[in-house]
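What follows is subunit A paired twice: with subunit B in the first complex and subunit C in the second.
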Partner chain A sequence: MLKQLKRARDRFFGVGEADTSVPVLDGPLKPNHILENAAVFFEADGLEDLCVTSDGRLAVASGTAVLALGEAGQAATLATLDEPIQALAAYRDGLVAATCGSLHFIGGRLDGRQYRLSSASFAGCINALCEHPDGSIIISEGSGRHAYEQWSRDLLSDGASGRVLQYSPERDQLHVLGQGLKYAYGALVDARGAVFTSESWAHRIVQIEQGGTRSIYQDLPGYPARLTRARAGGYWLAVFAPRNQLIEFVLRETGFKNEMMAQVDPKYWIAPALSSGRDFFEPMQQGGVRQMGILKPWAPARSYGLVVRLNASFEPQYSLHSRVGGMHHGITAVAEFNDALLVLSKGAGRVLRLPLSDIQ
Partner chain B sequence: MKFHAPDYTRMEVYAHIGGQPLGMAFDATGDLYVCVGGMGLYRVGRANRAVEKVTDETNRSWNTVNDDSRLRLADDLDIAPDGRIFFSEATIRYEMGEWPIDSLEARGNGRIICYDPRTDKTQTVLKNLVFPNGICMAGDGQSLLFAESWACRISRYWFDGPDKGKVQVVIPDLPGYPDNINRASDGHFWIALMGMRGPSFDLAMRWPGFRRRMVKRLGQDEWISPNINVGCVIKCDLNGTVLESYWDKGGENHPMITSMREHRGYLYLGGISNNRIGRLRLEGADPQFIQHPISAG
Partner chain C sequence: MMDTVMTPILELKGITKKYGGVPAVEGVDFTLQKGEVHALCGENGAGKSTLTKIMAGVVEPTDGEMALDGKNVQFRNPVEAQAEGIAMVFQETSLVPTMTVGQNLYLGNEKLFNRLRAVYIASQQLLQSLNFNVDPTKTVSELGAAQKQMVEIARAVLHKARVIIFDEPTATLTPEEKRYFFDLIRNLKKNGVSIIFISHALEEALEISDRITIMRDGKLIISDDTVNFNRERIIRAMVGRDLSNTLYGKKETVRPAGKRVLSVQNLRMGTMVRNTSFSVFAGQITGVFGLIGSGRTETFKVVAGVIKRDYTHGGKVIFNDHPVRYRVPAPAVAAGIAYITEDRKVDGFFETMSISRNIYAGVLAKERLERLLTSSSEEKKIGHDWRQKLNIRSVTAEASVIELSGGNQQKVVIAKSLIQNPRLVIFDEPTRGVDVGAVAEIHEIIRRLADEGLAVVVISSYLPEVMLLSDRILVSRQGRIVEEFNGLEATEEKIMYASIH
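Presenting the complex of A and B:
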């Protein structure tokens, strides 16, 4: 009863759960064109994740293949798996890649080994991996109900079934570090062994603690994705899609969004996207109408490119952007390689290269 | 504006109207009739380019509480062979700059009005239309075609002859939002699609409560909108069969084409939120075709 009264009050005043406002891009998140103007280092279909191996090589997951990229962006295939790769990380002297159902070890001492992930509530939505100093692998699982490519359905269904898992190859054991997360997307271990993940649908970064989570950085203006450590201290955060008032509103319109999910092709949902503006069946907002042939910079964004530099205490320092109407949207992974920042734009199918000296 | 033939590089201001000019047509004597959003139907004399008001009101509906006699958004017009001017008023509820609100309301807010120069009377002939937009004479002297933008529909209306008063739907379900209709040299019709329908917007149109809450809670720039960042012109015949289509799918140069007109072998394109006029050479079109030839003087 009290809950219903509160809901009625919220809806009347447009506050609480009916509040559709989103944080503005300001301060360290002030927009620029750095990502949009970045040099294209590599281009391929189905780019997903990238990492740097212990011997200093750059590895990229593209579809079912793991590629090693040279200094000038030339690719050599390291391995080809049976299913599309959803996450890739350096592990000891080799690599570990996650597909829908398994972990695959590539190169190094464990080359060729596989671990089949399965449990009662498992949809195969593994989306990030990282090595823990104790020799185990930290795994983030976005959703227990929807597969990785159905992430927008998980958002629109108010998904809160994400988990952070720990796999130990020595003991061949998997155990759960945290669960009930609103889409865990990213795995990070700091120097002291603390585990962090992005909770995308809650727009925040959390630390996984015994028996719960602690919010570290909240009220992001987008949906955060994978995290990596920066060599100079602090972290890089990829933000794969922007928050948008219309989408916030649709998330609160249960009947409408359920009918949309049932009837409309997911490409054309009123939902965040990794790229947009290429198809006129996509939903549009009134601020996005071209005026005098120009898409205005204040047009509401359905997709966006954003990388945030965080310091050691997860405070934003500065950010790199590809704004509305740009190409380099849907950033899912970042890595430092040879004094440059490599940024993976899943929306554009590109790896971008930015010399670190230019952006600091 | 007037662009001078033959190469159209020289231009001048033809007349200052004082509002947003929309549909235009020359009558047989060379007077230019213009629908001006927010003002009504205006005439620019051929001889002295004097701008004069033709009409800005019609008969008041007997069954409405508010006075709907004033014209809010006169949109497009065409002139019948006997000199009567038929023009559309897209919406009686919103002003020129507020047409996007009407797109979310998508109700029968518009009407078609006839001005008779012989009697100087203005009379509403069709009511409760969903954003009636383009008007074009069908060529038989008895009927006209009109477009209802948010209904994605082209209909034919007989204003004379044995079928007088009849309305027949010609195209019931266009994939986009029709704007102006004009004649093609081969006797068919050009229709500008100002934007294309998208599945999410179509779904929102079936959820009036969703739209009502959206306009209350969100700023106007955030509202869902018909996708009008795309340019499309189609050609159809009087039976509604679409014969050809021309596209700017990415909306690079000509998003939101609201009007087009064939003239001497070229198709000219314009959009109300654009700053350019496009020209497309039409293969096999009559190089002498003019939609509104000036016969006198």
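Presenting the complex of A and C:
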């Protein structure tokens, strides 16, 4: 009763939950064109995640295959799995890849081993992996209700079933570190062993602590994805989709949302996307947004490309952008490789290469 | 140019004015020719205001003679001076705030039956002839600072003054209004009116005046034709040392952004602030530039709880990661937001109280509920500490704030806010009506705060100041922040373009 009264009041005054305002991209997040103008290093369909192995090779997950990329971008297949790969990480002397519900060890001492997570997970929405110094693997699971590719449905249905798990291959044991997260997307362990994840639908980065979470960097202007440690200290954060007021508004209109999810093709939902502008049926195409075939620079973004450099205390230092109307959107992973930053744009199906000396 | 053999319209010989034995103006010889624009420069406390007040009959000189058209005169009050055609436009406006513009213009000159309609029509004609866009039926309290200034100027013109003294006329004007104002001065000059023009903006003095007189410590230092001056020479004469590099020099580094201290999202307040969004970061100076009326002050007043945002859909203010909505300033002060007002005479201090008491009031305001008794020894100690810290100069320690010069008053206002240990300091026009020497000191205070890791916001209409201080420049136009520049990449052209287009 009280909750409903509060909701009615908020709706009338446009405050609290009913406030659809979104933080702006300013200060260290001031837009630029660095990402859009970046050199294309590798191009393939179904690119998902990338990492650098302990022996200094670059590995990319593309569809069901794990590829090793050379200095010039030439690909060699390391392994092919039965299902599409959702996350990839370096693990000891090899790699570990996650598909819907299983962990696969590739190369190294544990090559070929598999671990089924199905008993622990309902939907198999594993989206990031990371090695813990104690030899275990930190796993982030976005949703317990929706599969990985249905992430926008999880957003529109106010998903809060994400978890962060810890798996130790020695004991073959799975252990829940944190749960009830609004789409955990990213696994990161800092030098002291603290575990962090991006809570995408809450627009923040949280530290997983005993019996709860602590917000570290909040009120992001986009939906954060995977985190990586930077060699020079601090972290890289990929932001896979932007927030905008239209979507914030739709998220608060439960009836509309449910009807849209029931009747409209997911491609055309009013929801964030990894790429946009390729189909004229998409929302946000008309009126002031596009005139005479030219997308206005102030058009609300449905997809965006953003990588944020964070310092050791998770404060943004600077950022790389691909703005509205650009190609290199839907950034899901970042890695440092041979003095360059490699950025995986899932929206464009490309890996971009930016010399670190140019962007600092 | 002027024929110098001609009798000057106004001549002062050996003018001295002492306050309690301390000379504010000492042995000044000053001449003003007919149809001349004469700029009067000097640090605050140099005695410019006192000198002009003597001319306008506001204060009587202790010693010396004054001649108008060659005849000795002695004014006992401003009315006498005005009858002789000397009008003064004051720094602090002397309009009646509850009366309309038209009524103010004709105040004291009303006919027995004062027909307002005729007054408004005449006022409208006068204002339009001066190119001032002010509605004569509006009450003065509704007007902005610039518009009030315009009304004052119009009043001086209306009284058919032969000598008009402007005390800092352009401090509150936007660049566009400044152009109008200069045109007006040129027009007045063409009609044979002599103008004395006190200004801290040296470019203006160089641009508009025929002659420049510089005062320091109550004495006339130099008086010469404008063509013989440049910025450096004026500054040297004003302060007796070379300041031009510390003021408005080129900067090479900017401070990196720290933690986001303030995030404003979609803020709305009436017609002044329209869906503005921006952030302020710790450890750096965020400059906010915009023309007057672009909603800069209002935006930050909402943040500080001085005014309220719209009741419905008013937007969000997030301070230190918590959404806040202050209805009065006290909780904002307690949370660590200091807003240092642009109108220090009205909102900044208790003018009849001493410096110490004013600063102590800042402590009391912050710790409202935590203390029962005030302590006069603590007050004295605080006053002493801050006077030294900010180098506040006054004749005696117990001098009331109204007796201080603009720069020292501003320092008192700053001290009063800084003693509250703020985490976000908002300076609104920190150097308005402040002399060059004090400007450098206030800039130093602002920089020190940013170096200490505080989030500092500087709102200013003076472009060189914004560019010099800011690590990050936000440009406001029509109630919202429209552009952001890095302190290094910003140029005057870019900022001006963003604030107008």
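FYI, the second predicted complex is superposed on the first by the 352 of 360 C-alpha atoms of A that agree within 3 Å, B and C clash if a C-alpha of one lies under 4 Å from a C-alpha of the other, contacts with A are read in each partner's own complex, and residues count from 1 in each chain.
Going forward, contacts are C-beta pairs under 8 Å (C-beta built on N, C-alpha and C of every residue); 3 or more make two chains touch, one makes a residue touch a chain.
None of these values were measured; they are calculated from a predicted model.
Bringing the complexes onto one copy of subunit A puts subunit B beside subunit C with no clash. Judged by the touch definition given at the top, the superposed model places A:V289 against subunit B, while subunit C stays out of reach.
Once the two complexes are overlaid on the shared chain, A:W269 sits against subunit B while remaining clear of subunit C. Once the two complexes are laid over each other on the shared chain, residue contacts for A:G14 go to subunit B and to subunit C alike.
Judged by the touch definition given at the top, the superposed model places A:E253 against subunit B, while subunit C stays out of reach.
In the superposed pair of complexes, A:F280 makes contact with subunit B only, with no contact to subunit C.
Annotation for subunit A, partner touching more residues between subunit B and subunit C: B.
The superposition places the C-alpha centres of subunit B and subunit C at an angle of 70 degrees about the C-alpha centre of subunit A, rounded in steps of 10. For the three-chain overlay built from the shared chain A, the minimum Cα spacing from subunit B to subunit C equals 7 Å. In the superposition on the C-alpha atoms of chain A, the part of subunit A touched by subunit B in one complex and by subunit C in the other spans residues 14. Contacts from subunit A toward subunit C in the complex involve residues 12-15, 19, 21-24, 26-28, 30, 215, 218-219, 315-317. Listed in rising order, the residues of subunit B touching subunit A in the complex are 100, 195-196, 198-201, 203-204, 207, 210, 213-214, 216-230, 249-251, 253, 255-256, 273-276. Partner subunit A is touched in their complex by these residues of subunit C: 256-260, 263, 265-266, 277-279, 281, 311-316, 318, 321, 325, 472, 474, 484, 486.
Here subunit A touches subunit B in the complex through residues 14, 18, 20, 244-246, 249, 253, 255-256, 259-260, 263-265, 268-270, 277-278, 280-293, 295, 298-300, going by the rule given at the top.
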